[in-house]
Amino acid sequence: MSGYWAGILSILAINVIFAYGIFLPVATGQLNLGGAGFQALGAYTAAYLSAMFDLPVPVTVGVGMVVAGVVGFLIAFPILRTRGVYLVLATFAFAEVVAGTILNSETLGGAMGMSVPAFIDWDVPVIVAACVTLFVFYLMSTRFGLTMRATHDDEVVTDLMGVNIRMVQVSAFAIGGALAGLAGGLYAHSFSFVEIQSFNALVSIYVLLYVLLGGTQTAWGPLAGAAFFTLLPELLRTVLPQVKSFLAALVGIEGPVGPPDDSWRFVILGALTIAMMVLRPEGLITRTMLERLRFRRPSPSKEQVA
Amino acid sequence: MLLIQQFVNSLMLGSVYVTVAVAFTLTIGVLNFLNFTIPTLFMLAGMIGWALAYWGLPFGLSGPLPWPLALFFGMCVSILASLLVERFTFRYLKTKYGDSTEHAIPLVSSLGFLLVLENLVRIGYGTDAQRFPGPSADLTMSIGGIFVRIPQVVSLGIVVVIVVGLTWLLNRSRIGRGLRAIAENPDAANILGVDTNRVVPVVFMLTGLLCGLAGALFAVNYGEVSPQMGEDIGTKAIAGMVVGGLGSIWGAVLGGLIVGLTEMMTIHFFGADTVQVAVWGLLLLTLLLRPQGLLGHHSIGKGKL
Amino acid sequence: MSAPLLSLRAVSKNFGGLAVISDVSFDVPQGSRTALIGPNGAGKTTLFNLISGVFAPSEGEIRLDGQAIDGLPSRSRIGLGIARSFQNIRLMPHLSVVENVMLGQQARAGSLAGMLTPLSLFGRSRWRREAEDLLDRMGLSTYPGEVVATLPYGIRKKIEVVRALVAKPKILLLDEPAAGLNDTETANLRDFLMTISQTGVTLLVVEHDMSLVRSLCDHAVVLNFGRKIYDGSTRSVQDDPAVLEAYLGTRQAGKARTQEADHVA
């Protein structure tokens, strides 16, 4: 496997795990705009354990996941007392506080970052991503998954049905945080270097958007979203040069300004988000779509009298 | 002495935060909509203003424009962009089920707009910070040993006028009554005869105006613009809004100033790197312990989004 | 006569100074079909909310099978045997028919092991089979995997009742089950509910359709402005002067009782 495609697969696998980390709270009805914070917790824990104590990768990544999960669990109780705008802002603020704390920490390298001695090849993230995917599919098929989606749709009634919604929300948030931390740990060992600037607010925004685009009703959604986001630049590489010069001529930009190619990927992500929210806010893959595909049954049957 | 000078400087920066915070809080108060495009509108005014002052109008329609005109057009672009956001976030909003993530649709759309606008600017103008050709004369006064620049004072004055004007608009004018009716109860407002299709765009126009103005003032006072300038200001403005209380204009004023002060003090005592954790930590604590902030209403945002 | 299944004693509910329910007491006998009626705004849904635990009474006591329940949290009521349907259907729009019904099993299946067992990953679990069987027996032959949001009103109403039934309740609170149904559908509903009653479930039904009330229920409690004004058999409720005055509001109330007065308020 060429080094280039190995890198893409690694990133895809890590993005899938990250996506599932955000998918769980969103599927339960909580928009988590703090993904980068959990990812940073996992990445820096793994990096630190690897650099300082030379612990093996399964341990560093595992501990990173646990740290992120525990922090998620603890922070979930106060944060999930808020709702709506407040909740989104609180998760956003949480990620910024994490980033700001790491920025000021000498032991963690501050603004200079930290290098990570142990390296993992592309097969590790891919295998882990496969396991995480299976795990999430399993979780969504259980009664716990049912209560998650019910909480998303109608908290009041779900509570009346006997569900402890606070525990469902906290669990989804904490497990999600752990998965995001897992993604972070794998990232640290795949790229041999962590710096806090790569765990910024935009990362939280990207992951939330591509999870929403993929669809939050089923466990297939995050796969679609992560694949789209990761592979889009590849698609653009083949199509972009012609489009770029055409548009630049339109607006009358003079001289070579050297636009970063990466930016087009985000323009498309943003534009698609706007379009999706207008046309199909539930995302690409929905329950109805799956049911139609699964059984290809005729139009809905009529009710028969008892 | 140095402290007082820094305090005066922070007042200036604080007034930029105030203006943007007011835009945020107005949109949340009236429409229950956390508009993430707001920092981008701020940046647009500055960047477009710079581009016009540097190159002139597109398609070679003119040479480089004088900076006041360039900034004026920059502000117009902000307002137009804001109305575009309204068209594609709010206008199409159909809440069918009223579940938790459905009310977040405008927020998510605004994130999309943030990405589109910011990256288009990056593509068009690169990522570097640019010097803004502001007033050339050295307009510094000295009041009792404290240095104050004329543009700073003018900006402060404009901000005061804007805030007072906005308060008057909300409390005394017909449009203001319509806005407050929508804020209370969007469904009832419609029935009571408020033409939401004409009143809601007013919020977006005001948003564009406020952010555009803040961007223009920033460009003049600090002489520098960049595609990233919205991010930092946006952060502080949101913090100001939360501390002051969501939905409260005077809260945004108070909050914006408090954040400016906090920033100045943390830089003075602990260094620039700690600002992020201090400001966001303040915001997080406020959200968790006293979500309504200093002057906000208890019900805004709760249970709706 | 055996002890009542559900009993309210001096129950009141105030919302910020406004008394929505005042000093209401009545019993719902075991196995009965009791109607809770009254003009709009009388407080019927509020009473349902009090019984099912959405909020607690300001004063008074609610007992189920002799046990006081008014202090217990909302999510424990269904486990005690109180299940309900809602005035504006409140199914989970993004869940399928069978999933909505399975939600009703939560109180019976919510242990840790229960939460973590797949419901339909490797074949259909016993919970899913139970839900599908009940849907079948109740005459809902809609495809169980169909997402609820797309189904017609009448079918969704029935699904909501099945969701309540699968909880194996002692008492079923139904909030306007006939709203929006035509005469044929109402007759079907009556038979449907009669069948349920015959399995031993006690029914407490809020309804405006008096013909349904008379044909289904044996006991009626009438509320007006949050107070109880009648408590007795459904046969004589329409002759009661207090009831008539509540609905028609005039002294000519007795004369105004015509054949068309089947749909009241």
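First chain written, first letter: the chains are A, B and C, and each begins at residue 1.
Note that in this section a contact is a pair of C-beta atoms (placed from the backbone, for glycine too) under 8 Å apart; a residue touches a chain by one contact, two chains touch by 3 or more.
A quick note: this is a predicted structure, and the numbers were derived from the prediction, not measured.
Among the chains present, the centre nearest to the common Cα mean is that of A. Taking the mean Cα position of each chain as its centre, C sits at the greatest distance from subunit A. Taking each chain's centre as the mean of its C-alpha atoms, subunit A lies 42 Å from subunit C. Centre-to-centre separation of subunit B and subunit C, using mean CA positions: 51 Å. Chain centres here are Cα means. That of subunit A falls 28 Å from that of subunit B. Annotation for subunit A: residues 152-154 touch two or more other chains. For subunit B, residues that reach two or more other chains under the stated contact definition are 97, 99. Multi-chain contact residues, meaning those touching two or more other chains, occur in subunit C at positions 93-94.
Residue ranges on subunit A touching subunit C, taken from their complex, read 137-138, 141-144, 146-147, 149-150, 152-154, 156-165, 217, 282, 286-288, 291, 294-295, 297, 300-301, 303-306.
Looking at the complex, you find that subunit B touches subunit A at residues 28, 32, 34, 55, 58-60, 88-89, 92, 97, 99-109, 111-120, 122-127, 231, 235, 238, 242, 246, 273-274, 276-278, 280-281, 283-284, 287-288, 291, 300-305. Of all residues in subunit A, only 26, 29-31, 78-79, 81-90, 93-94, 96-97, 99-101, 103-104, 110-111, 152-155, 201, 205, 208-209, 212, 216, 251-254, 257-260, 263-264, 266-267, 269-274, 277-278, 281 touch subunit B in the complex they form. Interface of subunit C with subunit A (complex): residues 52-54, 74-79, 84, 86, 90, 92-96, 99, 102-104, 106-107, 109-110, 114-121, 127, 138-143, 145-147, 150-152, 154-155, 158, 167, 188, 191-192, 195.
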